[in-house]
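The chains carry the letters A, B, C and D, assigned in the order they are written, with residues numbered from 1 in each.
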Amino acid sequence: MNAFFDKFKTNKPAAEAEGEGKVQAPKVPSDLWVKCSGCDTPIYRKVFEEKLKVCDKCGFHHKLSSYERISLLTEPGSFEELFTEILPADPLNFGEEYMTKLAADQKKTNLNDAVLTGKAKVGEHNVALGFMDFFFRGGSMGSVVGEKITRILEYGADNRLPVIIATCSGGARMQEGVFSLMQLVKTNAAINRLGEAGVPYIVIMTDPTTAGVAASFAAIGDVILAEPGAIIGFSGRRVIEQTIRQKLPPDFQSAEFYQKHGFIDKVVHRRMMKKTLVRILNFFNPKAKKTEDVVAEPEKQTVEV
Amino acid sequence: MILDVEKPLLELEEKILELIKVNESGKIDLSKEIKALEKKARELKKDIYSNLTPWDRVLMARHPQRLTTGDYLEAVFDDFFELHGDRYYSDDAALVGGLASIGDQTFMVMGHQKGKDTKENLKRNFGMVAPDGFRKAGRLMKLAEKFGYPVVTFIDTPGAYPGIEAEERGQFEAISKNIALMAGLDVPIITVIIGEGGSGGALAIAAGDRILMLENSIYSVISPEGCASIIWRDASKASDAANALGLTGEFLLKNGLIDEIIPEPLGGVHKDREKSYFAVKEAILRNLEMLQKFTLEELKNYRYDKYRKMGSFTEK
Amino acid sequence: MNAFFDKFKTNKPAAEAEGEGKVQAPKVPSDLWVKCSGCDTPIYRKVFEEKLKVCDKCGFHHKLSSYERISLLTEPGSFEELFTEILPADPLNFGEEYMTKLAADQKKTNLNDAVLTGKAKVGEHNVALGFMDFFFRGGSMGSVVGEKITRILEYGADNRLPVIIATCSGGARMQEGVFSLMQLVKTNAAINRLGEAGVPYIVIMTDPTTAGVAASFAAIGDVILAEPGAIIGFSGRRVIEQTIRQKLPPDFQSAEFYQKHGFIDKVVHRRMMKKTLVRILNFFNPKAKKTEDVVAEPEKQTVEV
Amino acid sequence: MILDVEKPLLELEEKILELIKVNESGKIDLSKEIKALEKKARELKKDIYSNLTPWDRVLMARHPQRLTTGDYLEAVFDDFFELHGDRYYSDDAALVGGLASIGDQTFMVMGHQKGKDTKENLKRNFGMVAPDGFRKAGRLMKLAEKFGYPVVTFIDTPGAYPGIEAEERGQFEAISKNIALMAGLDVPIITVIIGEGGSGGALAIAAGDRILMLENSIYSVISPEGCASIIWRDASKASDAANALGLTGEFLLKNGLIDEIIPEPLGGVHKDREKSYFAVKEAILRNLEMLQKFTLEELKNYRYDKYRKMGSFTEK
């Protein structure tokens, strides 16, 4: 494990991190090479991780776990998890097989469900966070995700902390039926309340952000960022292709596509994401910004050409 | 279209008609037997329609003769004036809406609109709404809010339109923004699920204060066919999926996900239109009366709390 | 003169109507035939006027004067003119030629400038009105139009009267430069205030409604109606054709085109316009509606097929 | 690009440079004569740029080296973060905007963006904005209102884009809605006309509380060329039209249609960028300070009254 992975361990209290495994890092397989999902190029694992799981050759941003995103975006040691005790149920009685899958994913991800919520520092800014995890049931939103997202939004409103949510989801969790669907309303209602409290809400769309999550809390951030190449949209590519009976162009529904179509404020390379967050947070809370953020800002930009 | 479960009833009803003919010929007096069979038929009818499976409900909800939004707009309200367009891009015929009134009460009404035939369905895109349609709905809701008119939405869609242009113009954003708009709207909203409540495309205008469901309508996070494809990789197992998905009014009411079931005439709304319209009208007015007792603040809190508590999880 | 034309005379106090000519009807030429501007068909003038200047054959809605629109849309004798004493100036010193044109148009139209404002009854509803007139400098909006539209909007807000404006204009009046341009802000600000007072604002777009008037008070009615075939838009057809170097389709920028594109609530035949207004006003003020409006409503519609 | 009126000055400056060269060769001492000529040049410069005709101003406003919105966003503000998209249809590069700051003051800034070269101009559509661009501006203004940030708009456009698609997507509606939005916005708005203020396309983001105009910018209801075509059926008479249209800051200030002229360095903003940026920054901050003294109600009344009294007519 290289430095990047080590970091997030330090974000958990030592006792827990060494404890029952629930909050430990996902196991890193021993293979020395990984294959880029974008261009099939083999990448030396150490390099892969140093590069934040972004392929140097094709720019493909590989999925990150919620814990990896803590390392990526928050100040070391500042993350404090909130709403840990909420566990998924089986309201439609999908039964044994479904529960087994949940249990397996809980083990694999060290998460109770597909989102990790908490508070942390990003630069000098105290923020409330929700990081979704595709490795838990494809990041699907059931009642737990809806409840935790809602709670962190309410927490942000109550404590006047900007809320940052990194989305990553194939959509609503089918196995919870209309319970899942109603999470769209619950979260969006909480976003309204956050807005009424005058607290900013920043979304980072990562690959994939589709269906129910795209159509709820992902779509209506005050500022919406996205990772390059992230697939975004309501309907899945396959469903659309079946409908129109033709192949879609490869960049269809990509983050870049949606920036062009007006739905994303900026596609930001993973390497620059934290810096970008700090810049944005500076606007919303200038008192907290450090002088060097502005003065030494290497990424200061004029309008994009 | 005839449901499998309806077949014995229809056969019996046919037989009765034949006997009536024989009876009318005057050769034999069968009136007693006919009466007995008619009683039998009534019992069978009640038995059948009281024991519909979820999949039967799906078929009823999609019944080609099922009443559509336009039928209710015409019959339930004293007047209805259609308003067109989203003020951005187009006028989506899959979502209709406008001003309406019952007596001195003005409403803003809207709903997914399926076609009555193939030609109309092509125009209406089978009730599958594009972002423009949802944005039209949003515009009408804001207009309602400006003048303090309650909003009534009618839900009847297989789902949001999954097309290239719909995605390009931000289907996901249009749905989300509508949901947020409804969650924050300063007027009462009554939602009536009249046919298919297909996932996000339904929800985009279904986040009401009161959610009423016609007895034979459905509301689901995914189509039974879609669910079956995913779970069993076999769309033909849709009826199993319908069982699994909890998409009936009964299930949803029991779980606090809707507020009321509006009973239908035996055999569905189209079997007795006037009765159906009356039931829907009565339910709308009664629920509106309830909501109008709230102050604005109470209304907003009622709505927030309503959705806030939806969800099923355990907490250690 | 047939009944249709006679009517508007009764809308003016007798003394005035018989008076100095300022408020009299435009002279009706003696020819017995007119040629349809839509299809060149000759139409017997009496029929032409009975048909409200709509061609039976092609449906072309010929332009109406402000006074004709009073006859068309308000209850006989109910119209009372307001803000009559506002006269155009020449702030950019365009001089003699321009002033002569203004004087000629004043004579021709019996208007001080390109809009007539007042109050009247439409069905049982008391309303405030503004009817533009193309025969005065092409309906161009200078300071007088902007001021009178603003005043009638303020009058509607103060007296809680729905405001109905029939637009008809080629745009801002060039000869008043930025004075004209600022009328767009003035009128829209007054529309905001009308809305804050909870008073409805209904627009009827007639041919043409373009440029500065389209881009201000025409575009933002609570309900927007339009006459069939009315040309609507921001840029003129010629300018667009020069820009794109190709011919535009004939229905481009028509009322029907803009209903299809989402900017107009309903295209309404001139014959049905008053009935339609009454229906709409009934929604906004149900107490004033007569029972027969609803019960005997022959045009009751379900969704358009 | 050189204005006709600039030519004598440029010739003289060239001559002086030649003399300086001769002088430096050491053969003759010309320093006294050079000094005299330099004084003369300064006087000529002042004379020329203080007596520009309206048409000269038009040419200055369109000068290819004239500073654009992007230049001001970069130089006037400590940080600027561009926000993209209208959330409906596209991201129009002819209108740029985003969050910006000066010290601890956060702003929402936006403006028409012309290109610096042909390639960029194709992307930026020469600063001619489509409905999507105006809707992006509207979105950013609403975001500013939500968080209480003052809005600063930079005006530099020949006019709204006169294209098929722009008309289809409701150019007229987009402009009108923005004007209404600005008229009702709950935060202060400062507008700086930096180049061409072309009619409705300019006004769509120019309906500010304070309208500042750079000395050599113009603001007009129609382009001088368009006006000349209409009046004299001869676009080449644009300079006469420029005289007639009252499009200079001087005329507009005198008539209460703008609030302030920001002086430019002799020869235009591009001749001394730093000075220009400083002047714009100072004017923005000073005007903001003035507006921030108002309560919200006072601000709204100030704005309403400001536009309410614009107009020129007689009243019997």
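General remarks:
In this text, a residue touches a chain if its C-beta (ideal position, glycine included) is under 8 Å from a C-beta of that chain, and two chains touch if they have at least 3 such contacts.
Computed from a predicted model, the values in this text were never measured in an experiment.
Under the contact definition, subunit C and subunit D share the contacting chains B. Contact tally for A-B versus A-D: the pair with more C-beta pairs in contact is A-B.
Centre-to-centre, using mean CA coordinates, subunit A is 35 Å away from subunit B.
For the pair subunit B and subunit D, the distance between C-alpha centroids works out to 55 Å. Here the spacing of subunit A and subunit D, counted between their Cα centres, is 41 Å.
Shared interface positions of subunit C, i.e. residues touching 2 or more other chains, are given as 261-263.
Residue positions of subunit D touching 2 or more other chains: 87-89, 169-170, 173, 177.
Pairs of chains meeting the touch criterion are A-B, A-D, B-C, B-D, C-D.
Taken together, the subunit C residues at the contact with subunit D in this complex read 85-89, 91-94, 142-144, 146-147, 150, 172, 174, 176-186, 188-189, 191-193, 210-212, 214-220, 232-236, 239-240, 243-244, 248, 252-253, 258, 261-263.
Those residues of subunit B lying in contact with subunit C across their complex are 69-71, 73-74, 78-91, 93, 96, 99-101, 103-106, 113, 120, 123, 132, 136, 143, 146-148. Listed in rising order, the residues of subunit D touching subunit C in the complex are 160, 162-164, 166-173, 175-177, 179-180, 182-184, 199-200, 203-204, 207, 219-222, 227, 230-231, 244-247, 252, 255, 257, 303-304, 307-308, 310-316. Across the interface of their complex, subunit B is touched by residues 195, 198, 200, 222-223, 259-266, 276, 279-280, 282-284, 286-287, 294, 297, 300-305 of subunit C. By the touch criterion given at the top, residues 87-89, 135, 169-170, 173, 177 of subunit D touch subunit B in their complex.
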